[in-house]
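I have a structure I would like to understand better, so I am pasting it below and will then ask my questions one at a time.
A, B and C label the chains in the order they appear, each numbered from 1.
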Amino acid sequence: MMTKSAQRLTLFLLLAPAILWLGLLIVLPHVEILVLSFSERVAPRVYAFGFGNYLEFFTEPLYWRTFARTAGMSILVTALTLVLAFPIALYIARVAQGRLKAMLLLLCLLPFWVSELVRTLGWMMILRETGVLSYVLQATGLTAERVEFLYNDGAVILGLVYGGLLFMIVPLANALESLEPAVVEAGFDLGGSRWTVLRRIVIPHAMPGIVAGSIIVFMLTVGNFATPVLLGGKNGLWFTEQIYAQFITRFNWPQGAAFGMLLLLLSSAIVWLGLRLTGQSLGTTLKQA
Amino acid sequence: MLTKRASLKLATALAALMVVGTAQAAEKLRLLTWADYVPKDVMEQFTKETGIEVEVTLSNNEEMISKLRATQGAGFDLVQPSQDRIAGPQAEFGIYKPLDLSKIKSDLFIASMLEATKKNTTVEGKVYGVPHIWGTDGLIVNTKAAPKVADYNDLCDAALAGKTSFRAKRPALIAFAFANGMDPFASYKDPKAYAAMMDKVGAKLAECKKTVKFFWDGKDQLLNALRSGEVVAAMAWDTGGWKLNSENADIKFIAPKSGALGWVDTFAIPAKGRNDDAAYKWINFNMKPEIAAKVAASAGNFTASNGADKLMQGKLKDQFAESFPKAAIDNIKWYPAVPAGIEEIEGKVLDRLKAGS
Amino acid sequence: MAHSTDLDLVNVIKRFGSHAAVNDVSFSVAPGEFFSILGPSGCGKTTLMRMIAGFEHPTSGDIRIRGQSMIGVPANKRPVNMVFQSLALFPMMSVGENVAYGLTCRGVSRAEAEERANRMLERVGLKDFGERRVTALSGGQRQRVAIARCLVLEPTLVLLDEPLGALDLKLREHMKIELKQLQSTFNTTFAYITHDQSEALVMSDRIAVMNQGRFEQVGSPRELYHNPATPFVASFVGETNKWQGEASAASNGSVSVRLPSGTVLQGQGKEANKTSLAFVRPEAIALAQDASALGALANRFEGRVSAVLFDGANSSLLIDTVGFEQPVRAVLPQAGPLAGIEVGAPVHLGWTADAMKVFAA
């Protein structure tokens, strides 16, 4: 009996950090946000239970349009990231060997040694009207005037794709690495062209990696704040800015909480839909990530 | 088992030691304020005189209120929101405690400013703020590139397309309301009328957005754009304008025709502040003319300290004189206290402005 | 035009840096032939096969299929298909899709490809397996899918890269026979590489023994076994006894070899007055309880059984023999007075001079 309870205690102590981490840092804040999102202001310092904050999202076109725009652009960013990351991951997984492979992965990792803010400011210095790109174009005579590349959706997409690239490359390279070289050779040997082998063998094999990378990039992008704020134009409001505005400048916490919950639910729904459409299960995807 | 118990005891002892350790550290004043309001030498002098260390956190109006709201007024011992942003949040969230005016040396303040601030920050008969630094919102203009800019509406001039900027925050709404012949302050008490007015202002700003390069967010972002010539006219704080004027005489701070917006940053004590004595000491210390002059120079603004203006450097005075002829001073629109609920109306207009295309 | 050979390699050399993995190899394979390349791992046989398939390119020399040079022809355009060592079935496709894959690559319509794949599966004994996942198949079934996937394309030549290596012994024995039968049913030319001499001997019409990038000998299994051309072939193909000694010439191909112990052996060989190797197959060694029964043999010795290695029909004896440093290996007769011989029993042994091949070391 003694040893049994001692074992149980040991198990509990070993699990304690994980349980605390999950409970205090993930579950508890979400529960609190959820509760908060159902309170409505009646008078100063008086709140009542209600669904008004959620109704506000659906009845005020401003909010759901902002969300739709954010989700749409995030999907575009995810697709662009995938298209860019695939050849890089393919090269890292199938061609590069030993030191070169490590170097390439390190190169992908390098931008993440500085904070997201610094990376974004770096882009600002390149893209702004008096920035590097504009200067180079002028110096080479390609344009006569200074050109502004910043403060538009293109700049936001560029910054987000750049930030998401690593999170796409790693699961993709992982998935592609496990593809037996002989299977690819067999694809060629039996008469497949490069495109056939890519479409019928390499991509289906990498599918769990593609899905894992896409989920990560989509979620990171939808929830990003600094990049759209700094690179975005006067027209582009990211949904997270809407949440920030509710919490910070409007002091309307319940509304911000409701938006936060909606972001979580709607982006999860999009991921679920994506999984259904590609016929992948979350289980195999998580294994890959 | 024994060793386990022993190690537990050791851990408890260590934890206890740590608690004692913090308690024994020097007395501390946790100050939540704006950039440049606490020059290093002023802070050092205060510590030397009182033995109190000052821990500074930089912020802005919205974040100050949000931070205090999150903790119900804990975490800081002294904060410096603008005078118009005290009464509303106090009524709504109860994040401040009333000031004990007997502990504040009122003769250190410019009397009229102290009275006005007290009046604006009074909730249910209790005073929550005293003035510290004041300044204005107006136009920073590169007079060579944009010689015609004289009022807020000129930021929407198609000739300046892609070269103007303002902050997508409430001062822009107020400013453009005045510039288009409305008086937003008069409608503060009537939410319906105010909402209608803000919708009109919002439409005007949406129109104006075509000429705007970006809605500026950080002061340095705007000043850099003005320096490089990417932006030639912007609605901004006077202090930034004078700073640029010192570097480039073409760039000037202009009091707009429809009136500069006057703001006053205050001292207020959070509801759960732990060191009120230190807070009052800091207020009285800061309002001494020689200290106030140093702070004003650092911030590039003016102080509510009585007599400090005589000690200020000539440059800023000259710049002020150039920007503010007598009539312009009289035309300054001072913010009255913002009633609760007004921010909600403004927020939606601003959200639409930023989200729409 | 029908061509008399399906595959010709002409002076093919493949270098990786300064190392020649394949060093000046030439051979031809006739239509319908089962041709094996046998050699230890690292001998260059895989490189040779990959050059034929089109995954590697020869440094010099020519590879021709039905007379057509394959130099510069990519793998997916060659009338050659390969069964990989790992089989390399497509795990993301069903059995039927695996077999139909090559057809669809050629532009055959989906329906027809499926139809032809199903017919092929039926021929290899996998009727109604089309819908299954390849991961749900047994080792032997996977093997058949891999071969069906090639045969459905009716290639000139099927390359097989040790496809039996991963199977367990029993299945491997079974698949040897099955492969041979498949090959004769379809009458397709097979080029098979292996390091397992028994696989090569059982299935092949001809075998090339490869060592260090070169062909040591090309011939029928019988030729290789009974008349090895080099000491490498003699020791690599089949079981054998091997001794080293000094050879001295006698008349018409006879050689006598003096072992370090002073014992002199009589054998066949061309080399003389050199350090040489002498090889005798265990089954060529005659055993008797009585010395007189071996009277006619050129080499006769006396020994004592040190071990009985019982393995059914392949059983053998190790005999400690006077004059030999290591025990001599001889096949244990399955009948007769010696069938029940025990360890420690004295025995007489001997072999003819013809049975002993002598090569320069």
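The rule we apply is simple: a residue touches a chain if its C-beta (ideal position, glycine included) is under 8 Å from a C-beta of that chain, and two chains touch if they have at least 3 such contacts.
If you want to know which protein each chain is, UniProt gives these names: A = Spermidine/putrescine transport system permease protein; B = Spermidine/putrescine transport system substrate-binding protein; C = Spermidine/putrescine transport system ATP-binding protein.
Every value quoted in this text rests on a predicted model; they were computed, and no experiment measured them.
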{"item": "Chains in simultaneous contact with chain A and chain C", "value": "none"}
{"item": "Farthest chain (mean CA position) relative to chain C", "value": "B"}
{"item": "Length of the line joining the C-alpha centres of chain A and chain C, rounded to whole Å", "value": "56"}
{"item": "Cα-centroid distance, chain B relative to chain C, in whole angstrom", "value": "90"}
{"item": "Whole-Å separation of chain centres (CA-atom averages), chain A against chain B", "value": "35"}
{"item": "Shared-contact residues (touching 2 or more other chains) in chain A", "value": "none"}
{"item": "Residues of chain B defined as touching chain A within the complex", "value": "62-63, 65-66, 69, 89, 91-94, 162, 168-169, 209, 212-215, 217, 228-230, 340, 343-344, 347-348, 350-352, 354-357"}
{"item": "Of chain A, residues touching chain B in the complex", "value": "44-45, 60, 62, 65-66, 69, 128-130, 148, 150-151, 229, 233-235, 237, 241-242, 245-253"}
{"item": "Contact set on chain A toward chain C in their complex", "value": "180, 182-183, 185-193, 196, 200-201, 204-205"}
{"item": "Residues of chain C touching chain A in the complex", "value": "53-55, 74-77, 80-82, 84-86, 88-93, 101-102, 105-106, 149-150, 153"}
